[in-house]
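What follows is a single structure, and I will ask about it in a moment.
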Amino acid sequence: MIYLRDRGQDVVDILLDRIQGLGRGTLAAVSRLGRANVFLLEVFAGLSGMLTRPGLLIKQLFSVGVQTLIIIVVAGLFVGMVMALQAYYALVDFGAEDSLSVMVVLSLLRELGPVITALLFAGRAGSALTAEIGLMKATEQLSGMEMMAVNPIERVIAPRFLAGMISMPLLAAIFSAVGVMGGYLVAVELLGLDAGAFWSQAQAKVELFEDLGNGMIKSLVFGFVVSWIAVFEGYDCIPTSEGLGQATTRTVVYGSLAILVLDFVLTALMFGK
Amino acid sequence: MNTRTLELLVGLFVAAGLVALFMLAMTASNLASYGGDDGYVIKAHFDNIGGLKVRSPVAASGVRIGRVTDISYDLEGFEAIVSMSIDPQYNSFPVDSSASILTSGLLGEQYIGLEPGAEEEFLVAGSVIDITQSALVLEQIIGQFLYSKADEE
Amino acid sequence: MSETLIKIRGLKFSRGGRVIFDNVDMDIPRTGITAIMGPSGTGKTTLLKLIGGQLRPDAGTIEVDGQNIHQLKTKDLYALRKRMGMLFQSGALLTDLSVFENVAYPIREHTKLNERMVRQLVLLKLNAVGLRGAMDLSPAELSGGMARRVAMARAIALDPMMIMYDEPFTGQDPISMGVLVKLIKSLNDALNVCSIVVSHDVYETMSIANYVYIISAGTVVEHGSPDEIRNSHSEWTRQFMEGLADGPVPFHFDAPPLLDDLFAGSGTRRG
């Protein structure tokens, strides 16, 4: 009897604990979101102060952009090649393999270019940004700057954020261009399609603003969001080795999810008229 | 790494990005066809334009000579009015040329085919093509086919 | 000019529901070395961050050089911080800059001196801490003690009115400990500034301090000159100074009697 009453009490306890946990989690999430927004405003304010130091931006463009380039080029090449193969097998049944280039180019410009680049960017550059900023926080470098009357948001965060935003569209363009070349290699050299038809079909069907332009807008938005998440997670992390690892993981997870969700929203807005 | 190498590499990276963008714009999209907007615009009336769209090509004997610039609906004649811009070098089409809406391939896109006539006068900006043939609509063709079969029996 | 540089009144601060400071009053003089001692986890570092304006108290005021630091606008706060030097426990050197550039950093940020002047200044500061020869090294190549000395050179780069040392002796071998003790003393005497040393290394700190505050459990337990502290009758102070295992600070973390716990059955206690 006593045993049973204890069990009931335990279940109620556990239930209450769970509900309390839910409430605590919600409050924490809302306050994080608030902090992230305030932080973004501070970063914007810091951007102006950065204009006097272009060297800081160059350095970050190197570590964010140049060091991500190789993975982007390799991925772009193979994605383009696979797309061409898949498109060929799908289209050859209808005798429409001339449209292969259209399929490859359109999917690269509209979707694969911006999205895969952004995912790779979040994994490569985003996580590195978070880890770097988090480490600077853990080793008190950010505090040290503050005590030297230097605003770390202006000197550390803003250049990294801006470099991410500039690099993303460039990387996406490179990804798509290399992908088109990969598609060309497979279609023309491997499958023996006509080179002229490849280009003319693409030129006839691909719209400069609607396809290329919108793809670039997507990559700008992704660059903005991923850079924001990456620098915020680094700046907001718990300054221990465990906290740092969690923050880096969060950058990749939240970044990737944000990219995929935003991709849907943007696609619906852009092409769904 | 010294500053010079760093700046050089970043410069190369930015240049590569811009070149990639340029290449996509030039070779894989229709930027090239944006250029010649100095063509002359002629109009044609159609009963049905099928799947014709703005920016669809205009071709003569399969050669692209211009593109559709505007599609509107005329409430008085209950017809579609298609405006098309013809590239300036193709300036000697007779006024009695005919325009038809054709399909490239079985399932391809639709375009306007221009068939030259025999008059001495040429089409100029603002001319209207009188002889047109509408798009073939699959349902209508099948319908006609079925009726003619029914008539035969 | 008042004799007191930093005036703390009724300071209250808590973090995550834990009270760290409760009604702390302190007066830190404009010159000389003031030591702030106490066991680990009493928020000594937090106190420095409060003085530097990096944290905000729940109640109470901190006046630095007559200015209430938590009511200053950002611009004024930064102007005041330019006159503060702070030495973090880890040194907090910027890892992507060389030793030279680290010391030059505050000079470059806050002055428009030409390159020759910057170089001369940096060499002088590095020479003062005995590390002029290490100026081309990167922070990763320095030992912990050397990193702290570079950070010291950086902290005095702009000739501040006060220098805060956060646990300067922790984890040092006897030689570099001796070097740091001597440096803190000689820098303080040479620059005639206010030095605040936060530490729990009793012997080293007492040897150079002019005045000592001992804090525990969020309040000032005792303060006075090193001699007064040594001759203190407070049991707590004696335990801390002599490092006794048991005393007012119990050996056992708060717990019910052992027997009760052993027979309480399985599982952990729930609060």
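Lettered A, B and C in written order, each chain numbered from 1.
Everything that follows uses one rule, which is that contacts are C-beta pairs under 8 Å (C-beta built on N, C-alpha and C of every residue); 3 or more make two chains touch, one makes a residue touch a chain.
Here the structure is a predicted model, which means the values were calculated and not measured.
Simply put, of A-B and A-C, more C-beta pairs touch at A-B.
Of all chains shown, the one whose average CA position lies nearest the global CA mean is A. Centre to centre, using the average C-alpha position, chain B and chain C are separated by 77 Å. Centroids built from CA atoms put chain B at 38 Å from chain A.
Averaging C-alpha coordinates per chain places the centre of chain A 41 Å away from that of chain C.
If you check the complex, the residues on chain C that touch chain A are 49, 52, 54, 78-79, 81-82, 84, 86, 88-90, 92-95, 105-106, 109-110, 151, 154. Those residues of chain A that touch chain C in the shared complex are 135-136, 139-141, 143-151. Contact residues on chain B toward chain A in their complex (touch as defined above): 3, 6-7, 9-10, 12-14, 16-21, 23-25, 27-34, 55, 57, 105, 107, 109.
Chain A meets chain B in the complex at residues 55, 58-59, 61-62, 65-66, 69, 94, 96, 101, 105, 109, 166-167, 169-171, 173-174, 176-178, 180, 199, 202-208, 211-212, 216.
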